[in-house]
């Protein structure tokens, strides 16, 4: 029992070193709460790199409102509970802007926490900037005044994708395969609804859900797709679930068109090249490299030079930080309570091609032009390939901002 | 439908044989040393990553030899300097030691190769379609993996039946606890068996890496299933491990092929309307969706009806 | 390992002074919990302490299995998570209907949830012991965690279920919005749980648990059914894990499936064992230490889980009694007033030990920079010394520092062991 | 020879047990009267320990009946047999090594004192249990070692504790498996005295190799050879039995 006293002493010693709080106001501190430890770092680090890159750009031209910008990383281990403690840590260190993206589970937890925090601590304003979590609940049932998102939600992307597909006469039979969790269901549900509305003649020959990040061999699924006679596959898969699916399709010679959300990373381009699916895999997102837009190429080029071995980047992070800094400058304040009104309804020329997008006040979703691209041999003037495959993303269609608008059920409570 | 059955059978047997490659080493180690090596799947992962790293420098064939040997040596070092020390603290400490090892190996792999899958490719000399049925290509590499695991299975069988070490292993399988009385070189035999056991897992890693996935979570994905195999088969039974490996391989592969849900079974009746409300989420879940949890359901069922496993003879 | 003997020291009749000492510790514990927020008042400290309090209950509940009954479970987070889900659903039900139930009572719901599933899964798992039991719990853990993503209505899919703890009936005007109030709620339940779990170790059942841990076969020849003992221990342990889950649900106002997964189950094994399974206070130390590492070490290095893993292996290999075991080894010396003779040797051990750790850390960090972080260039800074990882020097220095430190440490350890043995009062041989 | 006794304490009829192809117990018949001290002797490998394992429920017999005071207990798990009043010791010391001596004995008393799985009573407050534990410890002469972990006791002390665990419950049928194995002469004397003391008012069935002990203690002796009881009688008649002399004593009586 004596060890009780020992453990209490230990706790005291540890907490002593925890209780640092610096309230330096010389800099604008932005907290980045994403996985930064272990292997998760390879994903979370990309966002941190990009934020640092943008902060250095801003600092080089004198900072924001005369203050330097500093990015502080917090490792959340993709765990919602740890995330909340890390957010608390950031707040205690005087941070008011929290950037987070990986994992809808984390995003919902963080958004919920920050909303309650602001409500329970009147006078304190914390904002959650979300660059990657796209579960539609974030901008519908669980929307918040303190949460902004720059990635198009699953519904928006599907709206744009089906608008593109509806004009393709040769699509007759569509197979849906998605990961068995909320996002996968959101994707497949939207696809069914929208295709049914826009192209009732298309037959949905398969509606498959597979467990999330657990399948190591997609051969049985590919066999099913083949047996269904589908000519087109729509999938919300990301990461290894997409790379492996395409790999298995290539191995067994399945010949269909693929419509995807995330064919840009984690080995997917490599798998596409290996399977020799030239111009058969489509991806929709807010920007690709080969759009021939000068400012973007310049900025992306500088970024890639600095982080040469990790060239992946998110155009939306540029959109996000550019807009937030603009709002801070317009408001002349770094307090979210002051700059949020400027951010709401802000119009912004998007990073990828300089076409206009806007932040919608109803749900704090950024609407922007979306680009549908297919992976294939690079053509004239197309400089950027993916994963050193020699193949790059080539524009197939542009979806203007107005074609991406969707209603929201958000009933936002504003302070 | 016929093509699905054919392809599923081939893939199921393939997956089952890979599982058995690992389960065999695990079983032998367990029988002789009384410790279930929780890090067994981690050595499989090491095999895959070593195979990847070596094959991109020296080619796949050297990797097929070098990687398992390396992993086997690491395994022997782990046994000599780790497990043997812990042995005196009892079985729980041994289990915990191998459990800690899974952490450290995973973290090391992530430290060197990251969390994203690495691009471990099928060797070009085997990158073609072995045969085509119903317009499905069956890749030659898969056939190769199948053949090699069967070959190793036969070699293992011969070793156990025909050699001195094999006799000792057999003795261990039937009379655990007797091995300690075999003489002064028992430590060396333990070390060797541990090395060979994890080496077998590493072979599985090298050959499975290109067709499955080579990533830092591969051990965590496979490990639990591996333990299901040895518990369902019966702890310490090689025959049980073989049956359970194939069973789980086939069950998992075939389950994917079926899109039947409770809703389909009951059709549209008064009863099904009531059930739908009560069962909610479960109602529309298809067998394909629950394919990955089938092994665990099997585990629970086996434990309820045959607590010692399919072919097990002893407790714990 | 004879720590259990120190707890269960069989003094047939406690003296009055002994009683005072015993209750004194509980009063000290209560006072500590009460006063901590005055010492550490930042909100981060409050969140951290709230998390630690939760983890203490969780780790102690786990030790009912591992330390008390000798059952190694790899699926304990299942009860933590299910207790949390039970609590959060009840919170939403009560909040939605404005039933007059105050928030501090809700961990009871977690307890009932944990107990219910403890009974359910225990009925299957406790048929076996040892390795098979460990594998079954692993399987149950996987089964529940995987099912959670399928049963969306109850588990809320990936994002889980959120709630608002302030919607409950208010007693004495406490809204439980501010973290400090939640801290006291958790501290109170933590105290209660510690007392109860300690009390259980001092009941006939608690003693039989220890007997089952030591020798299950013999237990059946003194009239007890070891699998019934295991079953009750499993269920009670589920109950307290459920309390911890309920506290977590109240603290974070969100519960999700990840909380029941293998990672969480693994981390409770780590914290319990590092703290020490042979001593009742061990898991408390472990929960505090590992939670702290999780939050603080992650600022210092991105490969911190590797260090925790190595620490765990180190404890398994060299200090199977955990930190509490090492501390309680000093107790006889303290009693014999010979501790001062050994302390210099401990210091002698500590210095090269720290050097060895520094060297190892250098090797780890350097190879980390060299491999996966290569994208960010070869330059790095460690111990505020900048260097280039593509040169041989940092590797050589790291290796040499580690090797020399380790060698000296092992020598010092031998000296310390001798000194310890010499300082130990002679065991009362007849 | 078979005096008409009411109900035997233990009665075995046609008990069989095989391990694989080896039949170790080949139809054993054995009767132990209440209050009797009964020894089982026989050469190594005769199946004596196996017989004990069968009676105490450690093994399940393949055939035959085992009755405890007239109730069939064949195939029951050990704890149920123990609760019916049969307790046993082990040939290889089988105690709770990490628990203190006090705790070892106390655990063995708990079921019989009716505390079962109670997790709501403070064990220190059970005065009756405390008294009983003290009594047993005094009886086996380990009171001054009460606080020591059982694992560090000397061999002789552990054997005594083994007997203590066996008698701590309320069992009135006691099975002792080679209680004096591996002991010095002085220790044997003490254990014999102890056995004599604890077997008062109890039925005792013991396996013993030391013939002095056997003939000193036993009221009756059964001789087990190759899985069968070839004789069961008073010590004097066993000594005189030709079959026994040939099968067993002949080798040792030199």
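Order as written gives the chain letters A, B, C and D; numbering starts at 1 within each chain.
Rule of thumb we're sticking to: a contact is a pair of C-beta atoms (placed from the backbone, for glycine too) under 8 Å apart; a residue touches a chain by one contact, two chains touch by 3 or more.
Each chain and its UniProt protein: A = Branched-chain amino acid ABC transporter substrate-binding protein; B, C = Branched-chain amino acid ABC transporter permease; D = ABC transporter ATP-binding protein.
Everything quoted here is computed from the prediction, not taken from an experiment.
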Those chains which touch chain C and also touch chain A: B
Contact pairs, highest-scoring chain pair: A-C
Greatest separation from chain A - chain, by CA centre: D
Chain centre separation in whole Å, for chain D relative to chain C (CA means): 43
Rounded Å distance between chain A and chain D, as computed from the means of their C-alpha atoms: 73
Chain centre separation (chain B, chain D; CA means) in Å: 47
Length of the line joining the C-alpha centres of chain A and chain B, rounded to whole Å: 35
For chain A, residues that touch 2 or more chains besides their own: 38-39, 41-42, 180, 211, 214
In chain C, residues with contacts to at least two other chains: 1, 146, 150, 152, 303, 305-306, 372
Chain contact graph, described as a line, ring, star, complete graph or other shape: other
Interchain contacts, given as pairs of chains that touch: A-B, A-C, B-C, C-D
Residue ranges of chain C touching chain A (in the complex, touch as defined): 7, 22, 25, 28-29, 32, 36, 39-40, 42-45, 47-49, 51-52, 146, 149-150, 152, 157-160, 162, 164, 166, 177-179, 248, 252-254, 256, 258-259, 263, 279-282, 284-285, 288-289, 292, 294-296, 298-299, 301-306, 324, 327-328, 331, 372, 374-376
Chain B contact footprint on chain C (complex, rising order): 1, 66, 70, 72, 74, 124, 127-136, 138-140, 142-143, 146-147, 150-154, 262, 266, 269-270, 273, 303, 305-306, 308-310, 312-313, 316-317, 320, 364, 367-368, 371-372
Residues on chain C engaged by chain D in the complex (per definition of touch): 1-2, 4-5, 8-12, 14, 199-200, 202-208, 210-211, 213-215, 217-225, 228-229, 232, 236, 427-428, 430
Chain A - residues contacting chain B, complex: 38-43, 180, 208-211, 213-217, 219-221, 223-224, 226-227, 239-240, 243-244, 251-253, 266-267, 270, 274
Residues of chain B defined as touching chain C within the complex: 30, 36, 82, 85-86, 89, 91-93, 95-97, 99-101, 103-104, 107-108, 110-114, 220, 224, 227-228, 230-231, 235, 280-282, 285, 289-290, 292-293, 295-297, 299-300, 303-304, 307, 315-316
